[in-house]
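One chain, chain A, appears in both complexes that follow, with chain B as partner in the first and chain C in the second.
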Partner chain A sequence: MTVVEQTGAPKTTPRAGARRRPSPLGSKWTPYLFLAPAALFILVFQAVPLLQEVYLSFTRTRLLNPTKSEWVGLDNFNRIFGDPEFHRTLLITIVYVITCVVVAIGAGLVVALLLNKKFRGRGVARALVTVPWAAPGIAVALIATWMLNAQYGIVNRFLDAVGLGVPGGAILDSSRYALPAVLATTIWQLFPFTSVVLLSALQSVPAELNEAAHMDGAGRWATFRAVTWQVIKPTVGLLALLMTIWSLRRFELIWLMTKGGPVGATETLVIDLYSQAFDSKELGSAAAIGMVGVVISLIVIIGSRLVARAVEKGDVR
Partner chain B sequence: MGNQRAYLGLARATCALGLVATLLTGCGSDGGSGDGVTKLTFAASTFGDPGRGPLLTKWLDEFNQSQDKVQVSAAAVPYPTFGQTVLTQMGSGKGPDLVRFDMPEFEAASDAGLVAPLDKLVDASKYDLLKQPDQFMVHDGVRHGIIFEASNYAMFYNADLIPTPPTTYEQFASTAKSLTKGDVFGLAFRQTEAEEAGVWQDIFNYVYGFGGAWSDGKNLTINSPENLKGLQAFKDLYDANVIPRGADAATFRRMFAEGKVGMELNNGGYVTATRGQNAKLNFNVAPIPFPVRKQGAILAPIVVNEASEGKDEAGTFIKWALEPQNQVKLQEILGASSVATTTQRSPETLKATPFLPVFDGLTETSLPQIVLGFEAKTPDIRKVVVQNVVAALQGKTDLKSALDRAQQQATELVR
Partner chain C sequence: MRRFRFGVTARIVAVLVVLGVAVFPLYWMFVTALSSNSDLFADKPRLTPDLGQFGVFVDALAEGKAGGWLLNSLIIAVGTMVLSVGLGIPLGYALSRFSFWGKALVTVVLLFTQMLPEALMVVPLFALFRRFELLDSLTGLILVNSAFVLPIVALILKGAIDGIPKELEEAARADGARPFTTLTRINVPLIAPSIAATAVIAFFHAWNEYVFAVTFIFNPDLQPASVGIANFIGELGTPIQTVMAVAFLFTLPAVAFYLLVQKYVVSGMTAGAVKG
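Right, the complex of A and B next:
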């Protein structure tokens, strides 16, 4: 009888009172074992280079002779912060980041709201809108450069036709128009991502809440503010954080379109960093610029966490 | 418990295997002589040139066929990133064994001790080297390179548009203006910061062609009156809208090949490229019609990487390259460029390209596009000068203030 009970019992349900057989996956070390590869990867490929960068930023190190490094303390930081051109670079970075974040999220929200409505061909429209995001950054930069080519570019032809042409057509070589052109291209690539993410957030807005708002006589704007916005707000916050970090790091698109020029008009922190490291061959200065970027990123991350907590507590609406 | 041990053991073994694999990968060598053959790599941006690349590779094959102990393979690194890529590799004690550098990168690498002295590898006195370009291969009595290609700058003109080439700057400017109509431009040059190295090459001809210089050998003379005059001429042409503004070199060269650009200042290497784009184009070449007969030259030395484990074998390749018959073959591949030694052009070559003597006649008055006395700092000075000149073209400042600023910034750099 006992034998029947033992064999007939489900294997996954241990008998009450029976001594539990130690599972190989149940050890207290098991989580660490699973985490180890990722932790090792982060340590080797993220933490070590970051620490190396911190060290480099306090040295004078030449790219051509990296082993002959010389400790210079805060010299690199003093130099870059004492340079008015670095102040301009910081300003351009801030303008670039803020514009990218605000316009990409704004445009994404508008598109998401449109795509959230029921209309014929909505599926096709939703698929098409993701194309710029799916295209690699290098391809986007090259397409934009061709479209803006002073001699053959379609953009110049169009602007000329409507009487808004840039003299000579050299949009990317004009210190006035290069940054807007780079920003427009960046946003064109970014907004599909924000629209797709926001569209999924919009779909989680309970329809009955909207209906209740309408029943209470709320207009479209009031309904959006009181209902939709409240639901999608955390998603917008997360997108803003992601967009900020991505925009701070964006290199290939700016480099391929303008190399930071003309006359530094599109020189952001990462372009300046690259230029210091590989044109001027000053790894120390480049590392110091990189540290400024790291600090800005940390401020943004910590700031966003604080804002998120305040929102959760209801201190901020 | 036994199973737990087995899992931990498996994990340890996996980690150990991974570590060993990583170490083995890290220690791997690019070249080697396992089979008694030393394998070398030769990096040159010209290997990627559609016109000359395949021919240069065949030339290397001829070397490989003539040897049983040394084999050289081509490594094509694109021109825009060549210096940066190779210098970074060499700075970390790696990189190709043989390198064809442009002068600014050659000077930077030599100054940093990344280039092997050639005196013990090649006896240069045995060869009839062209003196003017060759003098720049030697630093403080130590030879660091051998000319692989020397290419003088001249004025290319579209003979269908310009039957008689201009012989003075005034004629040059007026021809450019009169030709510019519709989608045809009288002239083309690089004027964007994105093509910094190219702008430097272009403005070099204006500076030296108007009697200027970047230095007197000891001090920088970026804002000298002669430089201002030369660069003002450059800016006047920009302001006159006789160039396709914003067009990069690839675009305006295609336009030249299509007959949409009248004139261009370029070096001998451009002949092959132009014919490659349009074999039927009726173009010709004349000396640059500026007041002073002094112009830039692309000097491209071949050097041996100090970190190479096959320096002697690299020397074997250079000696082979310097043999007269191989120099002639190389010159035929390079077109209107000169090579390290004095060579005779064949009647067939002269018949096919009658203007070759124009290039050859410029060798004695051509200068490498470096800042004499500040050779290793040329890339830094170039950046400062180009940035300020572009700022003046853009109307951000007047040219004199731009040059004064460039002088001050560059002086701080070299101090």
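Right, the complex of A and C next:
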């Protein structure tokens, strides 16, 4: 739980301090005064719209005539789950999310290990590696589209030069290569974050432990598994959770690069939801698709907490 | 010995490759902006910027609508920054320093909102905006962007306030200061770096936001740069150099400011996620 420690706060004081709280002029209403404005905001712009979306998912509602909505119970869910295209969307979403999680964390770990060694210019290297994460999604989608341009894109020119060119060069128009291209772009944007977070976790690996393992004659890989991995494991778990949630909701990059195409090859849940709402104008189905996404997120979050708890218990022995 | 030397060289090469991968697309954006037409469509592309083409940045701002777009983005981003930090400081303070009924619920809601895709909320928010005449208004975008970035701002600031010793505040309280005064006089100055970091996060959250902007704004004069640039994709006729120049001007401040506050953002985001 290395990351938790960063926020400091000794575990016992908050509660002990809170009990002594009755301070001059601070009544029991004081905390509510502090949080009321923010709570109101979140209620109006998040909670209420979410509930409306839940309601919509049980109705048939057209975008063009939203006031005339008809309660249809589970119809939307029955329909989308009976639709083979939705099955494919789910499959693509799963492939997209798992690839993002695994590759972003794997690449992040390699980069973090690389930047954890001392060398001249390390500070600059660490800063530069963050660049993709800081770049706006819109700009990333734009430059990726240009770099993948069939005729003049640098990627195609490079691939042609080394003899791996895609026929016609139209990577984003190919149902075979569009998803890998979108994934590569997403991972390019994600790996700096995972590597920076893992780097800060690596810094809490005690050097003596590594040395001790070396003294015992452990090889690099064995040392990594016995020492480093044990320390960074919780951080990896946390990153896996974050990457899952972020990839499930990622929209603009995919939308601007492919709009979910060609013929649905890059259509994740969020893309499907958006095109159901604004292309097909079926708000009910869109909401139902959204609910599937929210439920998946919830399962992931609750599941990860259960796993974390089980692991913690196992560690206590 | 030989293995050791090879290790060092390999590491240097590996670091350079990683940095190349990280930086190249933005470099390429810059190079494309600064290319003459003949370089752009030549058989062999030019790999370095042609500084003689620098006028493209001036043209992009002066002739296109890009100046207006960037201004709209700036208004939305500054508004979002002020509003979300203004609401986030008291919320973070309440979560850090008080124990109250419903605290766990508030925390869960804050974390839960992190997983809601904007695309899911577009439809109900559209209806809400129509009712309150917030469509086609920068104010509307400021409000909704603030609501979406508020949770992460509040969680980061809560973490920062957690790190300040309570004794400082208690002394002030013993002298009769109200909670609000202790917050503004004691805590706020001490967490200034975190406030700056959250301000940057909020600013660029709004600066980069696309889905709400593209759905809620119809008047071209009110479009922020994210929408304007997105429209370039698939739009024929605008010279690619201009497109890239605008995108570069849009990207550069985001990258520069994120680099400055990187460590606060990372610790804040991970801490926020862990607490759930």
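FYI, the second predicted complex is superposed on the first by the 288 of 317 C-alpha atoms of A that agree within 3 Å, B and C clash if a C-alpha of one lies under 4 Å from a C-alpha of the other, contacts with A are read in each partner's own complex, and residues count from 1 in each chain.
The working rule: a contact is a pair of C-beta atoms (placed from the backbone, for glycine too) under 8 Å apart; a residue touches a chain by one contact, two chains touch by 3 or more.
These figures come from a predicted structure and were not determined experimentally.
Applying the stated contact rule after C-alpha superposition, one finds that A:P66 touches each of chain B and chain C.
Once the two complexes are laid over each other on the shared chain, residue contacts for A:V131 go to chain C alone; chain B is not touched.
In the superposition on chain A, contact is made by A:I171 with chain B only, not with chain C.
Of the two partner chains placed by superposition, only chain B is touched by A:S280; chain C is not.
When the two complexes are overlaid on their common chain A, residue A:A222 makes contact with neither chain B nor chain C. When the two complexes are overlaid on their common chain A, residue A:F251 makes contact with chain C while staying clear of chain B. Of the two partner chains placed by superposition, chain B and chain C are both touched by A:Y152.
When the two complexes are overlaid on their common chain A, residue A:F45 makes contact with chain C while staying clear of chain B. One of chain B and chain C touches more residues of chain A, and that partner is C. Residue overlap on chain A between its contacts with chain B in one complex and with chain C in the other: 24, 63, 66, 152, 278.
By the touch criterion stated above, chain A contacts chain C in their complex at residues 1, 3-4, 6-9, 13-15, 17-19, 21, 23-26, 28, 30-32, 34-35, 37-39, 41-42, 44-50, 52-53, 56, 63, 66, 111, 114-115, 117, 119, 125, 127-147, 152, 154, 157, 188, 192-193, 196-197, 200, 235, 238, 241-242, 245, 248-249, 251-252, 256, 270, 273-274, 277-278, 283, 286-287, 290, 293-294, 297-298, 301, 305.
Of all residues in chain C, only 11-12, 14-15, 18-19, 21-23, 25-26, 28-29, 32, 40-41, 45, 87-88, 90-91, 93-95, 97-100, 103, 106, 109-110, 113-125, 127-128, 143-144, 146-148, 150-151, 154, 159, 162-163, 166, 170, 173-174, 176-179, 183, 204, 207-208, 210-211, 215, 226, 229-230, 232-233, 240, 243-244, 247-248, 250-251, 254-255, 257-259, 262-263, 266-267, 269-271, 273-276 touch chain A in the complex they form. By the touch criterion given at the top, residues 22, 24, 27, 29, 33, 36, 62-66, 149-152, 168-175, 258-264, 278-281 of chain A touch chain B in their complex. For chain B in complex with chain A, the touching residues are 1, 3-4, 6-8, 11, 84, 87-88, 90-92, 108-109, 111-114, 183, 191-194, 196, 241, 244-247, 251, 255, 379-380, 383, 387, 390-391, 394, 396.
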